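Look for chain A in each of the two complexes below; its partner is chain B in the first and chain C in the second.
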Partner chain A sequence: MLSLIGRRLALSLPLLVIVPTVTFLLAALIPGDVARTILGTDATQAQYLQLRQSLGLNEPLLTRYFTWLGNALHGNLGTSLFWQQPVTSLLDSRVPVTLSLVIGATAVATAVGVVFGVVAALRAGVVGKIVDAIAMVGLAIPNFFLGLLLVTWFAVTLRAFPATGYVPFSQSPGDWLRSIVLPVITLAVPGIAVIAKQTRDAMLEVLDRPFIRTLRAAGVPGRSIIGKHALRNAAIPVVTVIGLIFIGSLSGTVLVETVFALPGLGGLVVQATSQHDLPLIQGVAVYFTVAVICVNLLVDLTYSWLDPRVRVS
Partner chain B sequence: MTQDRTRLLGIPQIPRAGAGGLRTLRYGSAMLALIAASVATACSGSGGSSADLATGGRVGGTLTVAAPSAPSSLDPAVGQPANETYSDLAYTPLIVQASDGNYQPGLAESWSYGPDNESFTIKLRPGVKFSDGTALNAEAVKAWIAHEMKPGNGGASYLATLKSVDVTGPLTLTLKFSSPAPDLEMVFGQILALGMIGSTRAVQAGSLAKETDGAGPYMLDAGATVSGATYTYVPNPYYWDKPAVHWSKVVVQVIASPTAALQALQSGQVQVAMDQPVTSVPAATKSGLKYVDPLTLLLGLGILDRSGKIDKPLGNVQVRQALNYAINRSALAKVLGSGYGVPITQMAAPGWDSYDAALAKAYPYDPAKAKQLLAAAGYPHGFTLPVVSVAAVGQDLLANALQGQLSAVGITVKPDITTNVGAYFQAMSSGTYPAATLSFGELPAAFDYEDLYGPAAAFNPFKSGSTQLAALDGKLSSASAGAEPTIAEQMQALLVDQAWFVPVAATPLVVLYQSNVTGVNATPQRNVVYMTEIGPAG
Partner chain C sequence: MIAVQPQLQASPGTAQPQSFARRFMARPAGVGAAVFLLLLVLACVAAALIAPDNPGTQDLTDVLSGPSAHHLLGTDTLGRDVLSRLLYGGQRSLLSVAEGLAVVLALGVPLGLAAGYRGGGPDRALSRGAEMVMAIPPIIIILVVLAVIPGSENAAMLVFGLLGAPSMLRVVRGATLKVREEPYVTAGRLCGLSPLQVVRRHVLPRVAGPIIVQASIFAAYALLFETGLAYLGLTASSNSPTWGGMVAEASTVIEQQEWLLIPSGALIAITILAFGLLGDAVRDAAAMQDASPAHRRRATVPRDAARHAAPACPPAAPTADEAALLSVRGLSVTGQGRAGQTLVVDSVGFDVFPGETVGLVGESGCGKTVTALAVLRLLPGSLAVTGGQAQWAGHDLLAMPDRAFDALRGSALAYVSQEPQSSLDPSFTVGSQLAEVIRRHDRVPRSAARARAADLLRQVELPDPRRTARAYPHELSGGMAQRAALALALAGRPELLIADEPTTALDVTVQAEMLALLRRLARETGLAVLLITHDWGVVADICDRTIVMYAGQVVERGGVQDLFDRPLHPYTLGLLRSHPSLACAGQPITALPGRVVPPGAWPTGCRFAPRCGFADDACRAGPILLTEHRAGRQARCVHTEQVLPDEVSTR
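Then we have the complex of A and B:
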């Protein structure tokens, strides 16, 4: 197992260089200038040039990149050009928000999606079609629109949940839960649809295999066949999709955090991009890349747990 | 005089500039705002306490306010859009402008001008302490002014003619200028905010960007603050005017989306939403919310290349006038202001001190006359006009509308619309575009020249000059308050005649609030809502 983890991590390490590098190059192409953004309209050209100098913007792009990379390898992601605060402290204060959303959405999407998928596979008639239809509707609704609807119904009309904002878990677990319910649902709905369809297809394929017929012939109870044998065999493609949904949810937070005014990484990267704050953009890229690597590793470990042949291969 | 700061260019995330930044507002994911303030009555004051505090000392629980953007720095000397929302809580200024426009004592107990407005003496209120417990005295104010005068900070613009700061006693000091310096009440009040003093300790420590240390009613609770998202303020234990502390906690939540801000208000989650677009008003009032519309945003086309350096036709005044005749302002005002817009033909809105009612019908919609003027100028088939714009506060909409309307007279507008405000400013001030869409808020007429159209103005990248305007600006700097409007109107008439701009519409920005708060004050005399005046109702 340790060897598997080691191999996967070794394969993932280049991502930590490649993704921030591509991000850096793309961000550098964005028109605009953080010095101009900071100074606004009235600064003189001399002030503008002075600020550019102090921010290190006069250095060649490659020099700035390698300086950043060297510092990053030592754990220093630099200082935000706009906020003038360490990038890590800005990001660390927002990680709990984004993680709450993404983990919550993935968990909800997995739980509901798997149940929907299994039901659809076992009840192929009307029930299956209804589940299918619900899943497709969930996939079709843009999540920002769904978010607005949820806020209108549950926050503005019923006042059951807050319309915006985030309460840290350490401050009040109950309020924390209330603050993430609507954004988590918003983020989870498309995932529910995808997982439900993937689960249904995989279950149908597994239920048609000879070993299932053998188990039934041997008198194994149906619940045990479904839960213990069929679902486990059908789980590998579903786990793959769950991993992808987690990763997709990271980008989904950009919209959801805007709709719900949540202080997470998604909203921060939007601000950083409009401010041309390269170190901050780079920092978010690194954090997101680490999250992707962790999720991929988790998916691989789950594969090996579900199917020991993966460890051997 | 070299100032500006209050003219806000309604763009989000644009900090107040160094040499005269805009202390403003904006809002967000979408748009923003701007602000500005009007100068009203200047007075020399004495005695009393900071006035205009709405609720007589009743202390509520938590006030939660939605703001459209966050400041890059909390240092009031650095400032930026939306900074007033934040700095007002922690920094009482030397001089307070009340909602009726009059100036009242703040940290300064009294003040007075010397001969020819070339000196200004301030006497500080005794017994005032910063939130770190250190005392406010004349030396602290002198140190603060030195901080303000650093390159990039506000004083470098607003006190550009300052010669010296002489401490004449523990609580008295005199500022001396090389030329007349009027309107210092505004400079040291909330609007231009140079009188929002931070402690010398904090200045020396360089900590004011991330924390507060002023002599205001509240101070930042850094532990409960997430930069760019949520700012929490708690009462300043050393504040000298306890009845002015209305809340046990004030939370400023950054909500860039106007829709999200409105929903937060409707759900009762926030009590006040600052600087919202006027389009939110119908839904807000339907939900029982209240609003004030203190801010007016002017939208128009700035003809930057007035000498025709890179776009030759613009050097001809007939061409510039043709642009003004070719615009259907009434139609555009309806669209840009969602029914609340007012067409304008000058760089001021009704009620502003430089507004001249006689100019209201200066350029009626007359495409035939526009074609006639173009032909007379030698461009019967029109010309090409590149315009830089930004997708904020309706500027992009304006750019596209201008493209359609001006094509009717043969002018081919080529809009270059960016979504990045910084890129827009850079392009607009680079001298590579002959025209730009503009949005800005009210500024006292005395500041217009340097801020908007004088040779040093940010909106004048080609450094166009006019000896007549320069002469009038000189007169305005030393004019009495009563004479200012007349001179300002003369300047406005010159601008309209020379058609340096194509003003289009004035649209309001609003502050929305629930009925359980009071003190959301804005008047024609002081068109800014201040957080410290908001208190619990009842």
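Then we have the complex of A and C:
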């Protein structure tokens, strides 16, 4: 088991270098002068030269890259140009918001999606077509539009939930929950669609396998066939999709946190973009990549728990 | 060269466009999506001509109005016409999608073709590179671009295309790999076309379907992305409208005018949906094209055949034999296909008496397995029992309520299937599956179930029962897995075991052991066995009586010895003669000519007539009945007298 974790980590750790490198190179190689962009047209030449100096733009590209990488390895992701604070401390304070949303959305998408998928597998025909249609629409609605629709119905008209803002869990668990319900649903909808479809397909495939017949004929009751044997085997492809949904939700927070004015990483990175705050954007890239690596590892571990053949090999 | 040419002409690449278009046209959702997208593009391109208003014209006396005759979709916060702004805004959004798509196609298609067609080192390098790019979260990269070049939508979409290209590369590579080895591509290569020509003429047309599908998926994501960036104000320009920007503007006045949100948001959603539906329709239409012509022909035949076949079943089923354990009468099973209903099993009747072993024999496709699954009520959803009964202890198995039948599963009738490895749940240990079945039947605590599981594994002669119980199915050999499956079937102490080709998938030496085990179990426990097989050696080895099936019907029945000595039906005779170990010295082994007529194509007369040396007009005139030749011997043949003497002389 330990060697499996080790092998997976060895495969995914390069990502941790690749993603920041790509963002770094992109920022450096794209035509355009960051210092000029930051200062705008009104700045003096002295201000411009000073900013270039403080950004280290006068150093050769490789020197800048390795300085940045070396610092990053020591947990120093630089200083935000706009906030004038260490990137890590800015980001750390916002991680709980984003994690609440993404974990919540993945959990909701999994629970609802699996139930829909199983029902659709057992009631082929009309229900299957309805699940297909819902999946199509769920994937097509842009999350910022869906979020605004939910705000209109549930916050403005019904006043059931706050339209915007975030309440930390430590302050009031009840208000925390109310503050993330709408954003979580918004983020979860496309996931529900994808997981339902995947679950249905996987269930249909498993229910067609010979062992289902053998167990049924031997007297295993239908509910155990569905709930235990079929679901356990269908879960393997579904888990892959759940991992992808988590990663997709992470990107989705960029829009959803803006719609609901939540103080998370996604909202912050949008502000950082308009403020040309490159160190901050690169910091978010590193945080997102760490999250992706963790999720991939979790997915792999789940595989080996679900599928004894993976465990052995 | 000349010989190869016609083959090249017949390449599906040249023949397919028309039929593909027809199949696509048969999908209303896809056609609707394509028409919508076409109209949308035309409307946006012609915005200057057809828009009712200038997108920038303000009318502060008429702000935030709902739909009206003057403003079909209402007005925004500055009194500008929403419909006009949508049409002009669409220009930017659709252009962005086109930009991204152009990058994806320009990079993904050639690189994918190269990787798939060349293979080897370039393929590995490209695939590895694609994997790496795909792991990068695109949103972050785009935000870096927009931080350095503020507001540049073109830059954002070009980079988005760059990040989308690897997915296209993988799709094209996969499709190319499949096409590469096909005969007409190889032929093209052999007759001296350059790789570029082969790819352009023979590969590209075949991978066009997957490319269009992937392009629609990308277009949907690109639009989602473009409108998202515009919504965030990262690409919005102040003077021209954008769809995403219009949603953002509407969001500021949600409390005053909810309507304003709808036109822009819904149009984005509908357009994305249209791209998705278009991709789905192309994929489905392309998938059907891969189905072989034979497949398609079969799908169209059944309707008439079902009509022909129907009169062949006698209207009233004979009465069940009360002494029998299982007495099947007039069992008919019908398949429900796209093109209609097909009779698969036609009025089958047979008995299994307590403790006896009955062989159900015939070639593949004769309906043996379907007959067994019907009795076990395990038919797949596409098949249904449409007539007959299966009497068990005074009750009809086929008519009793689900709950009542469930009580008999495993405890009255049990089942062993053909595939030993896949007949056990791969996710649970053998012991845990056995224990679950035992606890279901015996209602004993876990420990007692474990002990009995070990007993059962010992009973099926598995070495080291404890270790086997802890093993997962994939850790067992085929023979061991089949024994474990048998233990599972015996756990409920059934009276009848239905075994579907239980030895076919096993090695010859293991087959013999397995048969010996079945024989021993039948003798020691009084278990009745219905053994489905196409192997006369197996029948000779352990069966008491035999039922021969052909094309969904019983064609002959009798005791094993009698049937071997004096087959009454030419089909039985043919099967026996084609079996190497049963053929007599000095007599040539003759293979049975032809193939089993598939359900749906059965002739009205004798179904074996097309393959039968004895056939004449009498055979083809009408349905042949199963007639009693003498006690316990029935055959469905009008020429039994001709079949008989020939065989007697050879034995």
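Following the convention adopted for this analysis, the second predicted complex is superposed on the first by the 297 of 313 C-alpha atoms of A that agree within 3 Å, B and C clash if a C-alpha of one lies under 4 Å from a C-alpha of the other, contacts with A are read in each partner's own complex, and residues count from 1 in each chain.
The rule we apply is simple: contacts are C-beta pairs under 8 Å (C-beta built on N, C-alpha and C of every residue); 3 or more make two chains touch, one makes a residue touch a chain.
Just so it is clear, the structure is predicted and the values come from calculations on it, not from any experiment.
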Chain B versus chain C as contact partner of A:27, first or second or both or neither: second
Residues of chain A touched, compared between chain B and chain C (which is higher): C
A:94 touches, of chain B and chain C: first, second, both or neither? first
Touched partner set for A:156, first chain B, second chain C, both or neither: both
Which of chain B and chain C A:276 touches, first, second, both or neither: both
Contacts of A:115 with chain B and chain C, given as first, second, both or neither: neither
Partner chain(s) touched by A:250 [first = chain B, second = chain C, both, neither]: second
Which of chain B and chain C A:49 touches, first, second, both or neither: neither
Partner chain in contact with A:258 - chain B first, chain C second, else both or neither: both
Which superposed partner A:103 touches (first chain B, second chain C, both, neither): neither
Chain A positions touched by chain B in one structure and by chain C in the second: 30-32, 34, 37, 148, 151-152, 156, 258-259, 270, 274, 276
For the chain A and chain C complex, residues of the former touching the latter: 14-15, 18-19, 22-23, 26-27, 30-32, 34, 37, 124, 136-137, 139-145, 148-149, 151-152, 156, 208-211, 213-222, 224, 229, 232-233, 247, 250-251, 254-255, 258-259, 269-270, 272-274, 276-278, 281-282, 284-285, 288-289, 292, 306-309, 312
In the complex with chain A, residue positions of chain C that touch it: 132, 135-141, 143-150, 155, 159, 220, 224, 227-228, 231-234, 244, 247, 250-251, 254-255, 258, 261, 265-266, 268-270, 272-273, 276-277, 280, 373, 376, 378, 380-381, 406, 409-411, 413-419, 422-428, 433, 436-437, 440-441, 472, 474-475, 485, 488-489, 491-492
Complex contact set, residues of chain B against chain A: 4-5, 9, 13-22, 29, 66, 72-73, 80-81, 151-152, 157, 209-210, 226-230, 253-257, 259-261, 263-264, 266-270, 287, 418-423, 425-429, 451, 458-459
Chain A to chain B touching residues, read off their complex: 30-34, 36-44, 47, 50-51, 82-85, 90, 93-94, 148, 151-152, 155-156, 159, 162-165, 258-263, 267-268, 270-271, 274-276
